[in-house]
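Before I ask anything, let me first share the structure, which is written out below as structure tokens.
The letters A, B, C and D name the chains in turn, as written, and every chain counts its residues from 1.
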């Protein structure tokens, strides 16, 4: 497949976005009783996008992450990638979540930045709820 | 050859016009000394058309007809056909020349009628010169 | 790596553009291949005469499809140009009589923006809102007409919803008031029977690529009656009765003629086929909850089915449908992401409009294609709903 | 019976339209055949993306031929539309600054009538007369410019005579006065080197069928600089940066792109070939008396040779030339029988103009074709002169 026909086939979605979108492993609600569950929600009225992130922790360790989303493929893929990345990690590493790096990795178009910020919002909220405000470290 | 492709091939010129135009046998000047020669000329300033008709007679009989012309294919063909028709005939029959019949036979477009009238003009003039005004019989 | 294999495309976007008919293609390649023996139709030599003859024949073919005289047809570059020529051209033609025109809020942008351009030049424009089914009632039209109204423009079949207006009835109203009536029939010509000889229509636009002809060519029908006419938008050359100058595109026009000829022959059977596909699609959706058809369920062209599903986001739905090619709203709107103004005029919310999918199909669509699309659609809606938070449903 | 056998056509009417290149045809039929997998380029699905990619590629090909950025090109239905968009569009764009435009009396009708349309709307139009060679002197242009001049439109190569204007020099005058400069390059694009990056040109029109592309597609180049722009003539849809709405005609645009690509590759060798044919034609006419070339003998495109023969009538000459396809003056004028206004502007009498024959040829013309046409021409002139009365000579 040539570069152009590949680009044409992919359209506005990178291969990574397509992969995460096609097989989201972390969609849904957290398993009840698996630990402490911290849930945060955010929405963007302009596009109607809504996301809800639930993080199940055991101590400072993230045991599971689950999300629900009403939104575009980039948003779904980005949430999925976050969950994949931070499950098993510490809350501290989640607090260091880097939106710019995520958008770059998934090749999210810049005009979706405002929508992508929803992810930063819910992660901050979750971190706050879990007793570890991450504001100072995030978003750089 | 289908009717349409024939019509397309012919364009605005009937087969008869094309034939006369391609092989004009009566173009040129009359043979000197072959009899009495009566010559008339007419022109249409709008298109620049000019015709000159020379009729050589012996008594009331037409021995030869010759023309010169600066004009369109219809005019050339019409002159040619006139000469073909009236050579060997009497001056009386020439005076009965019928322009409408000629135009019909050659399928001359009506918008060329004014130009075609030049032929009627020179025939009238020639008949007058030859001492037999044919005004009353022509053009019907 | 990871680029989707889209070699199997299920193309259900006929309202955007249709596959070209094989016989149309043959006609066109014939003209193109012999382009030196078909010259510029304005020329008097044999090549020019051949070209002119071809164009005349195509005009006759199209005239036969529409039930009009060939004299009344002007070839254009498509329905966009035909709409502009009809609306701006007729308005200018009648400007001395008055400067009010009437249209409908669910028309194609080519109509709406042509009207907007006139508004800038001082015309008064009334945009009627259709009812929630997308239909324009004769009463609504009658209310909009004024003594100074010169032109009414209402489309035959809506490109987003398939809604079919009662052109005969609306047209009679215009005739009674001596108002010109323009119909954008881009979505119906070649698919539904049209007889402009019978219809009270003065101007009618069409485009070849919506009925298996080539892109880039269309026509405007201009009734041959007193008070009806258009002022040209383009100038130069005496082609198309001076209403549309420029070297005529022989191959395109021949392609349009061939498409018209073919449509004349098989419109009835195509329509039976399309209706079957329509019923199959709707039958297959019957089990899915929270589904709503946009537009009238009784008055429509069955080759366009527009569906909103509650609780799913439009862009994700489109991606999940791949490799099924459909539109979300009008083709013109698909890139912008804006909710369709047509669906909003029918009372849909932004979210409903954004999640609307237009399935459109026709002559070459197989029942298999519809089944494939159905499976994808049901699976996609189910999956996306499962992913959505409660309040979005 | 008696219909001429025109199966052997000698086509020397390239200035009217050119034979399509085989590779262009292939490109186009590819697009047409797969029209379902190349959808409407406005759609976001894979078929739409494929179509859009094809269009972008064609735009790049054309941009390379012209030496500009692809962003500056707007596809149209041909040069007539491009000329109208350039002239009416730019005049409206700059209307607030002033309402004077300048053109030349030997321009194509698309330019002259677009200017005439503006004149009706209140613009002042100055038409410069060229000298008897058909050339516009910088002095004549300088004299015509006024403080309120907004636009100058001068063609590159004249379609009837082949006369080639000094665009660089005329353009510099316009730049100095901050006047937009439009060039109708319909007869030169793909045949003569053009570099709009280098030229002081703001708007440039072209049409594909004059350089072995399809009829029905062209483009307008619009320089990307302050003060330069056009107001669209057609409305609806966001295609072509909203300057030219309507479903883009994929196959046509791909054909234009292919024609541009091919021209980029072989322009130099084509030009050598054309110059040889030009010299052969003129050499063959050298023995004939009372012959006059219309237009400049020093500044021209060699693929157009316009000849007047004293003492012969134009219509008869055309018929006698069959099956050689040539034009008598502009293709646009051939049917009307009116003497060419271009030749009259060069000082020819009605009769000289009517008897003018335009031989035009190019890439696919053989020396044999020229020889055949020459024999016919010499024979026809000789025969018709022999038939004419003395005073007509």
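Assume a contact is a pair of C-beta atoms (placed from the backbone, for glycine too) under 8 Å apart; a residue touches a chain by one contact, two chains touch by 3 or more.
As the structure is a computational prediction, the values presented were derived from the model and not from experiment.
Undergrad: Starting from the Cα centroid of chain D, hunt down the chain whose centroid lies farthest away.
TA: Computed centres place A farthest from chain D.
Undergrad: Could you compare the number of C-beta pairs in contact for B-D with that for B-C and name the larger?
TA: By the number of C-beta pairs in contact, the winner is B-D.
Undergrad: Can you work out the whole-Å distance between the CA centroids of chain A and chain C?
TA: 42
Undergrad: On a C-alpha centroid basis, what's the spacing between chain A and chain D, in Å?
TA: Distance between chain centres, rounded to whole Å: 58 Å.
Undergrad: Among all residues of chain A, which ones touch two or more of the remaining chains?
TA: 9
Undergrad: Could you pull out the residues of chain C that touch at least 2 other chains?
TA: Counting only residues that touch two or more other chains, chain C contributes 4, 6, 44, 46.
Undergrad: Inside the complex, what are the residues of chain A that reach chain D?
TA: Interface residues on chain A, with respect to chain D: 4, 7-9, 11-12.
Undergrad: List the residues on chain D that touch chain B in their complex, please.
TA: 1-6, 311-313, 315-316, 319-320, 350-351, 354, 386-392
Undergrad: Show me the residue ranges of chain D that touch chain A in the complex, using the header's touch definition.
TA: Of all residues in chain D, those touching chain A are 44, 46, 49-50, 53.
Undergrad: Could you please specify the touching residues of chain C with respect to chain D in the complex?
TA: 4, 6, 9, 11, 13, 16-20, 25, 28-29, 32-33, 35-37, 39-40, 42-48, 77-81, 83-84, 108-114, 116-117, 207, 209, 214-217, 233-238, 245-252, 318, 322-328, 331-332, 334-336, 364
Undergrad: Using the touch definition from the top, list the residues of chain B that touch chain D in their complex.
TA: 1, 5-6, 9-10, 13, 15-16, 18-19, 21, 24, 27-28, 41, 48-52, 68-73, 76
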